[in-house]
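Each of the two complexes below includes subunit A, the first together with subunit B, the second together with subunit C.
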Partner chain A sequence: MLNRGYIQFLALILLLGSLALLPLFLSQYSLHLMILVMVFVVISTSWNILVWTHQISLGHAAFFGIGAYTAAVVYNAWQLPPYFDMLLGGVLSSVGAVIIGVICLRMAPWALAIATLAFAEALKILVIMLPGLTEGAEGVALPPLYGGGESAKVYAYYLVSGIAFLTVLTAFLLKRSRLYFAFTAVHDDQDAASMLGINPTKYKVMAFTISAFFVGIVGSFYAHYISYIDPHAAFNIHISVEAQIMPLMGGLYTVAGPVVGAFILTLLGEYLRITVKTGYLIIYGIILVLLIFYLPKGLVGLMENWTRKEGRALSSEKLR
Partner chain B sequence: MDWAIFAQVIANGILTGGLYSLIAVGLTLIFGVMRVINFMHGETLMIGSYLTYFLFTLYGIDPFLSLPLAIFVLFSLGVGIQRFFINPVIDAPHFNQILLTFGLVLIIQNLALILFTGNYVSMTTSYSAVSLKLGPIRLGLARLLGFVIAIALTVMLSLILKKTEWGKAVRAVTQDREAAMLMGVNVDRVNNLAFGVGSAMGGAAGMVTSMIMYIFPLVGMLFILKAFAIVVLGGFGSIAGAVVGSLILGLTESLVTNYLPNGSGWAEGVSFLILIVILIIRPKGLFYVE
Partner chain C sequence: MECTGVTKYFGGLAALHQVDLQVSAGEIVGLIGPNGSGKTTLFNVITGLYPLSKGSIRFKGEEIGGLRPFRVCQKGIGRTFQTSKPFTRMTVLENVMVGALYGKGAAGEDLKKARTSSEVILEQAGLRAKKNARISDLTLEDKKRLELSKALATRPELLLLDEVMAGLNPTEIKEIMGLIGKIRQEGMTIIVVEHVMHAVMNLADRVCVLHHGEKIADAPPEEVSRDKRVIESYLGEEFLLASS
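== the complex of A and B ==
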């Protein structure tokens, strides 16, 4: 009997194994691209965890920014090891998520969508207006991660791949846990869920907190890796947009989808940015609209349709 | 405290509030009728602004003459977008609609970036520098006329909603979609017109902003966040709430700008603060009636 989850997991291990060997073959520039891919794997996978509860965030840049500024402020104050900043960045992002979540998640999905968008913008203004703490609009410099140079990029690549692996593993394990049923029950029928003793708000906030945690970590990593951060880069709406499109392209609700989406769209985005320059985001908009209309289940959903013939009875029974 | 300055600050706040209401009323109308969070609303403002700007700089057409045209163009665009993009997913989860309008934002914004470049532009009419003196306060003529337009259009919309057949249908659908449907209201048509009228209001707001500030392809984003704050403040779907919410935001911003150190920077954050506070203390808005 084929266990789909098991196959997915094996494929992931294989994929990560080959990714581990990549630095041997890649140029510095390509390695940099792969680091960006990994950053977005974390962001899109995290965003997708929230989607299981049928809530969407339009401001995941807020958590990325919290992480990045935690790194900048804490490192420049105490020079602790960057790993500490990253963990702290994740924790502070989660705290932000709990606050926004408790306020908004009792309400209709639009409340969270709008509040997260506003939250990211509000944090940007706060960072700009408090130059004593954050150096304001000018941004903060950080020493390069692992002392800079060629080998530093390889180390950075392994570090961010590790973070990405942990994120995807968390999503994978969550999806197989009882918690996932609570998450989806909350979105399938909120009233029924609460009658069965599942407190919808609690699980939504939980999903949101987990989601924010990893984005905060990777935000801190990014600040250390680029060794400079400013409010417009840290709270860039572009990050929030990518966070939505990548899972949608790969396949919402799945574990593999956001990863696939992050690979394709980061590389496509970089290619477009170099070749088209002005207004290349229009392609993203077109992709987004086409996906909603023609491929709401994403590429993974498309593949599932192709492979459905074998084991239809099995999957319909098991995946319900 | 200098009362003359205070009066000026209040007057500025009210004028800004008028402009906000023009944007927020359209947004709240669309939400009330269709329950769609329309992120594209800011882009109707952007298109209206550029339309007015190009008619003026290329053909010398006065902004006030291009107002009807802006309204007509954005109405048609709104009807088209509702018909071909929003309507097919009207029964899909909220979620898909939000992402869809977000995708449309990206398309329209970047199309504008390609066509008009990212440069800031502004226009100078013969009355741009004229201001009226009312006792201790000075009011820019363009801003004052913009305010008058905003109020006139909002009053007109309220009258349409109260008196006409379509307006009654709109209010029926806003209150209870299914009941309205059972009573024989053509909900598709109501949706379609509501989206068109809402977008036209956005276009009119664009005409007003083009007279008093810089125009650039991302100008819609600047206003849409404030408009959302207003709509949440006033209660989703409530026209009166949107107007009052706009005045509250305009006044608060004006007060913060003038009376806080570094006020103009902080003023940009007022709308978000209001949004969060309202979501905590009164999530259905100030004017929500069960």
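== the complex of A and C ==
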């Protein structure tokens, strides 16, 4: 047992080390790709946390967009330091999460999915309809992060990696905490959970809030990094869909699953886009369907089968 | 605990009508009645799963009618469900830990402590060997024991057992009866809803009978088994079994 934990730890150090050293070896284009990977690590990990309470959101783009527009509006109005609008983006996303979370409290999962989808779309339309505040459909420009030169990408990479690290760390700590028991109890049987002293509302809304926070931060980051956002990019349903598919593919109730999913799907999507030129989306779709069919527990689940673990008790799931 | 005039309407139908029920500390009270007489509804109302239409429910002097289930639990009332509701994504031990972590007086209880106290409870309930088992590997009796353990982990003072023996064979029933007796000896107050007549008559200090949502009897077991109204409405042939 000690061996396995030790190996896992070593592997983790190696991984983090290589990620930290990447900028030395990558072109500007590849670095940009890795930044996208990190953005999706944050979004997929966050979405996954919500699933732990059996709430399946189809509108995570809403939180991304809130973050992005917070950055755009606040920065252009007051020129506050970007780190500040990123934090504010996270906070406002959490506020949005509380609102939608409370609205969705009594809904069945399918209804919640539709409600969150509608939430994202509604925010998009709201942004379009308030050009005075948000420049509407034309979008907002921001000065590029870190000045936009060559080293700007490197700094941006470290920044977003830091955010991704914090997000994954949060998921990791959450999974080993007392809170995870409440989340899972609510997930499995709300009535039984409340009979054991758990307030389902409190934990469902809490999960929503945590789930939205980092997505908001990374949305603000993205706005600064790309230096331009518009409603369709910020509230893009593609973001919501990827948020789901990545954890699904990587392994839903794990910590590493969404991370693995984010890496593979972002890189795969880009690779196909380059090599296949036309119809790459179809192939992407086929690969996804095959993966979901044959790997119901995701790639991480497959890895576990290989190492032949006997039954997964909650408390023995470490960095997976 | 004191229920006074408890009434519960579903639409136009009174599932419970003016039910009075007093339970003193340390008692075991049996709650019997034909199917549909309102026994589980009464439990659901006491534990806050359904709101009360009329009447009051006091527990240790405090009004608890209308409180949400998690609050009722935190006041010290535990309950098992008729069809067990285990958390399928957790092991047996983890199921019980949920109760230990969030039940009465748990605020901020740490995982290690919860694990230890849960193991003790599992030991008492005879499930220690299966503490790391998955729910799918459990027998029906195991699940009942688990249901009981979960409720016990919340440190209740009053335990509501809803048909905990349903579906068990005579040996299993005897075992569960023993378990309930043990819990009672440790000072627990218990209300037992059951259809297994001999179990109720043997365990209970007092038996209440519900019929169409109304209480029609409230007396020691021997008296109840002789009560004409009860025999007419419910016991029937089972009277013969109960008195054996």
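Everything that follows uses one rule, which is that the second predicted complex is superposed on the first by the 275 of 320 C-alpha atoms of A that agree within 3 Å, B and C clash if a C-alpha of one lies under 4 Å from a C-alpha of the other, contacts with A are read in each partner's own complex, and residues count from 1 in each chain.
Simple rule for what comes next: a residue touches a chain if its C-beta (ideal position, glycine included) is under 8 Å from a C-beta of that chain, and two chains touch if they have at least 3 such contacts.
Note that this is a predicted model, so its numbers are computed, not measured.
Novice: Classify the contacts of A:L196 with the two partner chains as first (subunit B alone), second (subunit C alone), both, or neither.
Specialist: second
Novice: For A:L58, using the defined touch cut-off, is the partner it touches subunit B, subunit C, both, or neither? Pick first, second, both or neither.
Specialist: first
Novice: Between subunit B (first) and subunit C (second), which does A:S227 come into contact with in this model arrangement: first, second, both, or neither?
Specialist: neither
Novice: According to the stated criteria, A:N236 is in contact with first (subunit B), second (subunit C), both, or neither; which is it?
Specialist: Touch status of A:N236: no partner.
Novice: One more residue to check, A:A115. First (subunit B), second (subunit C), both or neither?
Specialist: After superposition on chain A, A:A115 lies in contact with subunit B alone.
Novice: Of the two partners subunit B and subunit C, indicate the one touching more residues belonging to subunit A.
Specialist: B
Novice: Of the partners subunit B and subunit C, which touch A:A182 in the superposed model: first, second, both, neither?
Specialist: second
Novice: Could you list, by residue number, the parts of subunit C that touch subunit A in their complex?
Specialist: For this pair, the touching residues of subunit C are 47, 49, 68-70, 73-74, 78-79, 81, 85-91, 93-94, 97-99, 101-104, 106, 108-111, 114, 132, 134, 150-151, 153-154.
Novice: Which of the residues in subunit B end up touching subunit A in this complex?
Specialist: 37, 85, 88-89, 92-96, 98-100, 102-111, 113-114, 117-118, 221, 225, 228-229, 232, 262, 265-266, 268-269, 271-273, 275-276, 279-280, 283
Novice: Which residues of subunit A touch subunit B in their complex?
Specialist: 51, 54, 56, 58, 103-104, 106-111, 113-115, 117-119, 121-122, 125-126, 128-129, 237, 241, 244, 248, 278-282, 284-289, 292-293, 296
Novice: Going by the contact rule set out above, which residues of subunit A touch subunit C in the complex?
Specialist: It comes out as residues 177-178, 181-182, 184-185, 187-189, 191-200, 253, 311, 313-315.
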